[in-house]
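Below you'll find the structure, written out as structure tokens, and then a few comments.
Which chain is which? They are A, B, C and D, in the order written, and residues in each are numbered from 1.
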Amino acid sequence: MLDVSNLTVDLPTPAGTLHAVRGIDFTVKQGETFCIVGESGSGKSLTSLALMGLLPKGAARRADRLAFKEQDLLSLREHRMADLRGNRMAMIFQEPMTSLNPVHTVGGQLEEALLRHQPVSRKEARERAVHLLDRVGVPAPASRLRQFPHELSGGLRQRVMIAMALMCGPDLLIADEPTTALDVSIQAQILRLLRDLQDEFHMGLILVTHDLSVVARVADRVAVMYAGNFVETGPVHEIFRRPRHPYTQGLMNCIPAPGKTPPGGRLGAIAGIVPSLVGTITGCAFRNRCPFAFDDCAHGRIDLAHIGEKHHSRCLLPERQAAANAGRPELWQAEEAHVEALHQPWEKRDARPGEPVLTLDAVSQTFKVRRAMFQAKIPLHAVNEVNLDIREGEVLGLVGESGCGKSTLAKILLGLIEPTSGQVLFDGEPMHSHGRKFIARHIQPVFQDPYSALNPRKTVGFIIGQPLMVHGLAGRAEVERRVKELIDLVGLPQRVFNSLPNQLSGGQRQRVAIARALIMRPKVIICDEPTSALDVSVQSQILNLLLDLQREFSLTYLLISHNLAVVQHMAHRVAVMYLGRLVEVTNRANLFQDPRHPYTQALLDSALTPDPDAGVPDPKLGSLPPNPLDPPPGCAFHPRCPKAMEHCRTQMPRTIDDKAGRVECHLHDQTAPISIANKRARISAA
Amino acid sequence: MSATPQDDKNLPDFGAALSEPSAGQMLRRRVFGHTGLVIGGTILLIIALMALLAPLIAPHDPYAHNLANRLVPPIWHDWFYDDPRATWTHIFGTDHQGRDYLSRIIYGARISLLIGFSAAIISGVIGCTLGLVAGYYGGRVDMVVNFIITTRLAMPVILVALAVVALMGSSLTIVVLVLGFLLWDQFAVVMRTLAMQMREFDFVTSAQALGCSPRYIIMREILPNVLNALLVVMTIEMANAILLEAALSFLGLGVQPPLPSWGLMLSQAKDEIFFDPWMITIPGLALLMLVLAINLIGDGLRDVTSPEGRS
Amino acid sequence: MLRFLFRRLVMAAAVAVAVSLITFTLTNFASDPAIAMAGDTASAAEIQQIREREGFDRPLVVQYADWLSSAVVGDFGYSYRMRVPVSDLILSRIPVTMMLGGAALTFAIVLAIPMGVLAALRPNSWIDRTALGVAVLGQAMPTFWFALMMMVVFSVFLGWLPASGARSWQHFIMPAIALGYYATPAFMRLTRAGMLEVMRSDYIRTARAKGLRPHVVLFHHGLRNAIIPIVSLAAVQFGFMLGGSVVIETLFSMPGLGFLAWESISRADLPVIQAIVLVIAVFYVLLNLMADLANAYLDPRIRIG
Amino acid sequence: MGSLRRNVLLAATALVFSAGAAFADEDRPLRVAWDFEIDNLDQYYNTNREGIIFARHVWDALIYRNPDTFEYEPLLATDWEWADDTTIEMTLREGVTFHNGDSFSADDVVYTLNTVSDPDSGVLASRNVDWIESAEKLDDYRVRINLHEPFPAAFEYLSEAIPIYPGDYYREVGPEGMNENPVGTGPYQVESIDPQREYVLVRNEDYYEDSPKGIPAIRELHIRTITDKSTQMAELLSDGLDWVWRLPADQAERLERRPGFEVKFGEAMRIGYMGLDAAGRSGHEALQDVRVRKAIAHAIDRESIVENMVRGDARVIHAPCSPFQFGCDEDAAVKYDYDPDRARELLEEAGYGDGFEMTLYAFRDRRWTESILGYLADVGIDANMQFMQYFALRDLNHEGTTSAFHMDWGSYSIADASAVVSHFFKGSPDDFAQDEELQQWLEIADNSIDEEERLENYRNAIQRITEEVYWLPLHTFVISYAFTEDLDMQAYPDEIARYYTYSWKE
């Protein structure tokens, strides 16, 4: 149905022409799912835009052949192309939050897609919109038509986007990172929906993603893209069972996969960074990062070679050696564990395993927020009665959907906000009464976004050494010495000392952030999604580094993440948060093998592993996410809970604390639920 | 330049970032590649040199009066109208006191630049302080500052300036002070918005977590990051101050004669507009060039320093 | 909604009080109203008599409180020089200024928005450069100089338009252009920047991905979003124009608030100056409130949380 | 160009309406522009000149002073005499009606005079009326005016400075009503005062024939306020106006060379002067030294300023009053010629050989003040100009904070030295001399009815003022009038435009 041959996309930039896509070929058949997987900057998104004719101004698209249902798209005039777009070929994008026009109603935006292409009445269009909204799992579809996009949650918006793409019943659907911006629980639902719809509409589906797990679950055929080109293509099972290209192999070794990589073990990582796409690349684009590269890789043009049934790879390695390399993370160590590089060993803390270093005692945080300009402020219980111990030398994982209060909790622990009620004890003493400087000496943050975490106007040396200077802990020379030490420690070259952050890659920046957090030798590091903004190949490097450091210095980590695989790999204990409350706290083994809270179970169900046989799970969470401003009565999780009972709707569950851990759920409450009549009697007595 | 916001953010990551041309080189390349910036910069440089070297290049004493020799037409009246009074002695002619117009224009550059610059500095200090503090603290502080800003915006600038100057009397100092105290709104508004954005950056959060004082964070962490915008607003306000001084002078309430401010020369020449139009044209063009240059520089800086700008 | 309105109105009132307090203090420090009232030939004793009669010898705070309590009910006292109620004076002058401001705003918007949109659609094209040139020139020209030049050309040389006064719509053309041109660059820049940003946004890509026709994408999806900040700017600019009308009204002899202000300033007629500043301030605040309401109407994100 | 267009237009009009040309001419309104708005149309609550001119057209006073001969002539009063030193008796004109139809009689005079001379009335130009104690009606057309004390200049004030209002109407509407709808007996009556501040006056068709003002030739007057001189000029050049005045002299001269326009200069009673704070009210030390003041007098080349800047027929004056005024004896004045060397000597003597700083306050023509600054700078006096609006400067003067000021005074067109010399040197807030002997002379001169005694004392005063250089009198003013060439107009020295004497040329 779609036939692409030698597609290239060039972008003009101030530094020269950027060859973002460098001559790719592929076909997509009716009813087939074709996945393009690659890291950021690999050219995968531009490929999808090039197919739709939606390239940004100035970008040049060239191809030997670009045919959709035998129709040549290359020679098509723009208005004829527009006739196809949204009609025969449709597209959904990564950011559901920004991809819908904020000033028009959902209904209007749905209907116009159909009205534009087909001679239907407005009423028919509306009916079709309601039908499709219902089909994509939007509750109360008819009333949604009059709503505006911002009134819907991200998951609902992505469903609306899908419905919009389907309005004309297209033959080809291109989905560009359709689930990246969504929570794991929603991600699984959306992927499942896409699969189902593809069957129902018998469409071709091109799915563009960076997430190998997603690929494994939904793809029929896969293309791995690197530096503007496909390096490996083939059926999904072939690719995952017998990855042939070193890049594909490297990527797979980077992901922490339960069962494959031991918890806390070192992950594989791909050294180096992607080459500049300005100008031509001779030889293999991956060679400078490839541990198996040899002289021939630097020369000539390397073509996709047929290596199995429909399986192609762009690599000169002999077949046998390539096969032997797969699945061996030790081949992919990007760097040595850097701790030995220290000139002067950091005095090791005598670990007092199990002693709580931080204790949260019924900590609550309430904000007053205004939902809209005309409305009054209402309280938002961001953190609600949280009790938690963080023990010396442990990695405590904190998981939960976005907006559940994870980051607020981190801010409280960093001393940035004082809790509305309850208190935080540090080494047994109330922490917030000590003031920020005290807290800073012992607790330091590593943030998610390495671009925002470093002041772009300061040199790396200044940024790392700043804590010492602010606290007046060392003289200029001493600061410089310690900074250089830490630059070594986190595996950066010494020359970055005088660099500005914008001269560093994302992974390098995150290392700078870690060095800065460490320079005051704190006890606790709060890692707030430390790798979620990074590519997988870099993520594994940072995770390795964090683990090395933790072991070497007996650091205590609070690791906040929505990525369950990362938490499972890193954490000793895990706390699960839902709408400001900790619903389950237990050790890793218990949590991942025997989750007790239905929410934990659902989270685990929706987490995807790169297993091509597993299919897309259905966590059965329903499509309506919770609204923190309007928490449901009783157990806050009950509207989404598949096991909800009658009294879950009215009564808050108790906290059950036993050997297996702590959980807040009626299911595990051994004492009989208090009847409503009983409760009333008690209230009136009081 | 790029396809999606996501790609946009990651673009600098392409290739070996460390071996790319340095930020300074890139900036230099963009600055000199920007036509408006080059033109504006050249004009401003000429005017600034004129102001700086006035005693060396002015052919006459700008204050030397000679009533018997007043309103001599400029040299081109010799070429086009055969006016025998026009000579090379006074290239731009003389004004109503018989003073050399060219010398006054040259010295006038000093006054106009001085007014624009000092007023922009004063208002910059006021506006930045208010804006940064409001944006950084938010909440009640922001409410108070916002109130101050709204109050200032609600006061009609020209009217209040006129009233103050008319009732108190005017001098160079008073004009500069009045303009300085009135023109800080842009600074405050822009700095407030930027500080609010900056506050959300993690590097500010981590400075807070370090226990840095708000003063330290505002001055050392935020300010260096908003200097670009500050510079742009500065040019706008400089241009504004110069134009406003001209407007005050037009109504007879700007700087005082015999100081040769271009605004003042313009206003004194306006009565001659029908019979000696050159008198208003010359300072008018000078003022136009100066403000144009400043605006071009402001626009250019905005373009050069913002990634979305024209390249 | 009511709560919002109430909050904003309280804010507006507070701003008005602050503005009037500043003006009152400034003008009273700068000038002695008794002397101003007494006229050319008054003796020191007469001045003292006036001071006592009018209560100018009381503390400034008391005088201000007194003035404010009357001003709240629309009584701004009597003009020192004209001896008529200030409120009558101002009411009779508002129409001309409003018409001038409205015309100037219309001119600015009609010129700026199409140019801004075209410039944004074709960045760095000749249209963009022309628009930029028009904008930069507009900001660089002293308003009065531009006005005078227009007067010379269109009134004296060509005789097309009347040079001064406010008797017919023709009288408003040159003043409106002179006043509006200065505001044009702001509108044009905002339109251009807004359109550039909007046209780069994800939802425009979505709209194009739906295969919508270019004009639908441009107007229904693009301009509709880019117009929102322009409403706020229009309110702000209109407020500025009311204040900035001094020079233009004086030059074109238009009997509006600005002209009245100028005459009152030149005669130290404090009650009129205070009242005009207050009226303009209140206008400004109310315009902003209206702009916010308009924004809420245009932007559902603000309206519905 | 404007004039060309005008000519074409006029030619066309002439062709079409040639038959009724005379009629059309009479109907053609005279369009004039004034620099200022009239503060208040009730003449007693107004001090600006535009108001005075307006009043002369709408109201009549009791006596008319002929601007050419300076003789008193009957206006609303036909006969008047001193009954004694403090009593005046007047006979009134019969058969005069006000614009609203009320007939004029002694009641109107009595009511007007009694109302405005009451100190509680708060009239602004109180000097004009505060010498009146009361007025009483003798019969329908005879009145008696009682004075507080002898006041020789009484007839000067009674002529034109005191317009007579319709008593019943004024009683009913008060000053506010008079401001909104002025009613008088004058040659023009108010047709409309529109909110756009255009005054439209039409000829009073019932005006009494033997009025010395005469029956106006032009039926309609359109008066607009245009503050900006260049706008006035633009209107004149683009056929939007027929008459403007007070153009800068050199511009007026060049306008005259254009076809279609005519320019007249008229010397006015207004004089320019430089006031110096000899009494030290402002605390300026140097100026309290008479040698410094004399140095200033010698430093300024008044001849050159008059010749090059003021132009017209303006004259340098040495006495602090207008040559048109009674009692202004130029010969009594000490004359200082332009002698910068002498000025430097004097400064040296006074101990200011290195010069000193001062602020010169000014309001009228910045260029003239600039010239003075230039000359002062030549002898080493570093003077800053403080240019202000007249009213703000006047207030500063009254507060006594001004050390030196360059101003001018029109004496409200009263041709008597008391209107200037006594105004400034009799201890008023404007008095920066505070010279008691001088004040005594002026007291006598003002109140004596013996002309010789008055002249004698004014001479003494003039000599003292110039000897001490309390003031440096500069020059007389020349008022320029620019108008279309088909207008026939006369200029008068009292700086009052008399449109009722204008006519269109045939």
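Note that in this section contacts are C-beta pairs under 8 Å (C-beta built on N, C-alpha and C of every residue); 3 or more make two chains touch, one makes a residue touch a chain.
Here the structure is a predicted model, which is why all the values come from computation and not from measurement.
Common neighbours of chain A and chain D, listed by label, are B, C.
Centre-to-centre spacing of chain A and chain C amounts to 50 Å, using the average Cα coordinate of each chain. Centroids of chain C and chain D (each the mean of its C-alpha atoms) stand 38 Å apart. Rounded to whole angstrom, the centroid-to-centroid distance between chain B and chain C, based on C-alpha atoms, equals 22 Å. Across the assembly, chain C contributes 31, 148, 152, 156, 200, 202, 250, 262, 265-266, 268 as residues in contact with two or more other chains.
Counting only residues that touch two or more partner chains, chain D has 230, 234, 237, 389, 392. Shared interface positions of chain B, i.e. residues touching 2 or more other chains, are given as 4-5, 166-167, 270, 273-274.
Pairwise chain contacts present here: A-B, A-C, B-C, B-D, C-D [touch as defined]. Residue ranges on chain C touching chain B, taken from their complex, read 11, 14-16, 18-19, 22-23, 26-27, 30-31, 123-124, 128, 132, 136-137, 139-145, 148, 152, 156, 196-197, 200, 202, 236, 239-240, 242-244, 246-247, 250, 258, 261-262, 265-266, 268, 273, 276-277, 280-282, 284-285, 288.
Residues 11-15, 18, 20, 40-41, 45-46, 49, 55-56, 58-59, 94-95, 176-177, 273-278, 411, 414-416, 435-440, 443-445, 447-449, 451-458, 463, 466-467, 470-471, 495, 499-500, 502-506, 513, 516 of chain A are the ones that touch chain B when the two sit in their complex. Chain B contributes residues 1-7, 9-18, 20-23, 26, 29-30, 200-203, 205-212, 216, 221, 224-225, 311 to its touches with chain A in the complex. The touching residues of chain B, when paired with chain D in their complex, are 63, 65, 67-68, 70-71, 96-97, 166-167, 169-171, 252-253, 256-258, 268, 270-275. Against chain A, in their complex, chain C makes its touches with residues 1, 3-4, 200-203, 205-214, 216, 220-221, 224-225, 228, 292, 296, 298-305.
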